[in-house]
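In what comes next, chain A is part of two complexes: it sits with chain B in the first one and with chain C in the second one.
For the complex of A and B:
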């Protein structure tokens, strides 16, 4: 069953290819596909919760030789969150994606992107992880480039070059790892690496992985591809990317640093902690200088990436649980914010904060839709961001890491400042031109409202998600059940 | 660069040779497809050979001529190929085995030998490769 989140997007991608000349059918298929995907992700989450880690040996090839798919708490939570975001993007795209893009193949790519994301969350094989990253990279590259205008192509080129560089680093790291251990199965690697007695080589490989996934997740200092490209495609695509792509990078970091590189961790964790701090600070400082709604939000993506990295660097069960909770929170809140930016643009025709205004008096509902995820991102109680940050701060204080805690709190304050700026410019100040009276399509506001509500729910009732994150984190600190599910009773 | 390109003196050899080479290459590509799995060959390389056979025709005669020769869009070939491979992976699920498990028919078939889901998978890859290569190259050639 755990292969379903890969097969469903593949099948619907094929159907969309077959329905190339029927855009309406493709739009319907996107809704059906993402709904099915969400249902399968819910089923997997419930199953994993009941029975622990579940693994599938693809093609019946036994574990260290074949490719294994494995779903544990972290994978299943990420799958579900990604599916919810995909569903919202599919709904929003009904009105948010222009017919020209649909004609040049938006929907097949949309499904293949989801396949790549889900594959990365599920795979138990490090080389297979690379393959899914490439599936993701190629689909997202073409999604940015669709449209064919100069700025689309420019954004796409910047995006693909840095990401290909990361892929090369990733591939080299895999090669070195294979040379050291002679296996690519992650569970098998987790068993072999401690027996090798080559801590220095392993640390070197770990740093290569850190660099590769660091670029992919837009961590300091190699984040600049993100704000250079994310504001160029239509907002549906940006919202989808902001919810999924960098988070897969963070997922991969969490996976390899909890499963593979668990010896001699002092060095890598210190590096991670420093990177986390700088990522938070540079992201939020970059955002302060922006006057474009989407570019500002893009810089906040970077800033928010620092928080889950901080949890990973602290590496206690509570810190990892906080990271996982934070990832779910930020994926939902960030996507919602981008969709709100899209709503604002479809009303006032611009992302430029200077040209916006007057939305609070004209569209109070829309202002609320912005305010909730924005305050949640800044971390105000009782919204989801507050619990995520509270858990991280607590984990940081437990370990006496006062500096990173102070940095994370200061960055929260600056996030609040930045969100206040958007509020003042777009919603509060009087409008330069009157806000048009026309109604917004329900395809646009309903998914935005849905995401905001989900994000509100996990803030008001944080207990179930906190418990799930805790269980997931327990499986990350004690990897024995994962190893047993994947390679079974092998010595 | 603004000068009109001089009219190329086309050799007669290439179009004539292409007409005879194309069917031969297509048959060879099927041979490669069937030979695959345990020996050198398979869907990917077979598909590349088939696609180059077709592209040879496009270069020798014209891309438009190849288009009119094909009874289908390259794009549909991509979709059908992917679908074929997907189905070959799904068949084992009905036998209660994991996705993509190789299953073979008990009886041997003359010429083809033992056939099973890996051959179906390779056939899908073959169609996919032909489709995608033609899609890319015809788009570039007609641009």
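For the complex of A and C:
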């Protein structure tokens, strides 16, 4: 069953290719595909909750030799969040993606992108992780370059080159790891690496992985491709990317640093902690200087990446649980904010904050749609961001890491400042040009509302999600059940 | 042999890194290609090389001989080559498109993503960047 999140997008990608000449059919297929995907993700989440870890050996080759898929708490939560975001993007794309892009193959790429993302969440093999990353990147390269305007192309050039560099680093790290341990199965690696007695070489490989995933997840100081490219494609694509791509990088970091590199932790965790702090601060400072709605939000993506990294660096069960909760929260809230930016643009024709205004009096509902995820991002109770940050801060204080706690709280305050700036400029100040009275398409506002509601729900009723995150984190700190599920009864 | 291959991989990495630091897009592409080759050599080297011992099971036996070449590294390289082939094809097209739209292959001229370009600049982009 856990192969479904890969098979469904593959099948629907192929269907969309077959329906190349029928854009309306492709739009319908996108809705059907993402709905099925969400259903399968829910099924996997329920199954994993009951059994702990479920693993599948493709072709029944036993674990270290064959290809392994494994779903644990972290994977299944990420899968479900990704599927919800994909569903929202598919709905929004019904009106938000222009016919030109659909004719040049937007929908097949959309499905293949999802396949790559889900594959990365599910794989239990480090080389397959590389392959899934490439599947995901290749689709995203084309999605970001579609359109062919100067902005798209320039953004795509920067995005493509830096991500290819990250792939090369990733692949060299895999080569060195294979040389050290002679295996690529992650569970097998987790067993072999402590027996090697070569902590220095392992740390070297760990740092290579850190650099590769650092580029992909846009951590300090490797994030410069993100604000240069994320604001160039249409808002549906930006929202999808912001919800999925960098988060896959963070997922990969969490996976390798909890499962594989658990030896020389003093060094790697200190580096991670410093990186987390700088990522938060530089991201939010970068955002303060922006006057473009989407560029401002792009810098906030970077800033928010720092929080899950902080949880990973603290590395206690409560800190990891907080990281996972934070990832789910930020994927939902961030995607919702980008969709709101798209709604604003479709009303006033611009992303430039200086040209916007008067939306509060003209469109109170829209203003609320912005306000909820924005305050949630800043961490105001009772929204989801508050509980995520509360858990992180508590975990940080438990370990006596006062500095990072102070930094994270200061960054929250600056996030609030940044969000108030958007509020003042786009919603509060009088409009320069009167807001048009035409109705917004339901395809546009309904998915945004849906995401905001889901985000609101996990804020008002945080207990179920916190419990799930806690279970997932328990499997990350004690990897024994994962190893047993993948490798079986072997010692 | 391993030492020579390691030297070659190192030289390719150095040359590739030099090339991706250039401003011209085509030179960056060459740099990415060189880095790709360097990684393939590294993967090739990562399986311990044994000359003259194919990983074949001799007739009448059920397990391969104790010392035999590791075929997995080649499989990894093959995958990496296929992926980099596809990616390179895409990057070549992207560079051509960028040259047509922006009118230059100099990365210093491609700053519309950081400083919003004026509309006039966008329109006469084709003549710009002399």
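Going forward, the second predicted complex is superposed on the first by the 491 of 491 C-alpha atoms of A that agree within 3 Å, B and C clash if a C-alpha of one lies under 4 Å from a C-alpha of the other, contacts with A are read in each partner's own complex, and residues count from 1 in each chain.
The rule is simple: a residue touches a chain if its C-beta (ideal position, glycine included) is under 8 Å from a C-beta of that chain, and two chains touch if they have at least 3 such contacts.
Since this is a predicted model, take the numbers as computed values, not measurements.
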item	value
Which superposed partner A:14 touches (first chain B, second chain C, both, neither)	first
Partner, of chain C and chain B, that touches more residues belonging to chain A	C
Touching partner for A:406 - first (chain B), second (chain C), both, neither	neither
Partner chain in contact with A:165 - chain B first, chain C second, else both or neither	second
Partner chain in contact with A:145 - chain B first, chain C second, else both or neither	second
Touched partner set for A:157, first chain B, second chain C, both or neither	second
Touched partner set for A:3, first chain B, second chain C, both or neither	first
On chain A, the residue positions that both chain B and chain C contact, one per complex	none
Contact footprint of chain B on chain A as seen in their complex	3, 7, 10-11, 13-14, 17-18, 20, 56-60
Chain A - residues contacting chain C, complex	127, 131, 134, 138, 141-142, 145, 148-151, 153-158, 160-161, 164-165, 168, 171-172, 174-176, 178-179, 184, 227-229, 231-232, 292, 352
Chain C residues within the chain A interface of the complex	20, 25, 28, 32, 35-36, 38-39, 42-43, 45-48, 72-73, 76, 79-80, 83, 86-87, 90-91, 94-95, 97-98, 101-102, 107, 110-114, 116-117, 122, 125
List of chain B residues in touch with chain A within their complex	73, 75-76, 78-80, 82-83, 86, 90, 92, 97-102
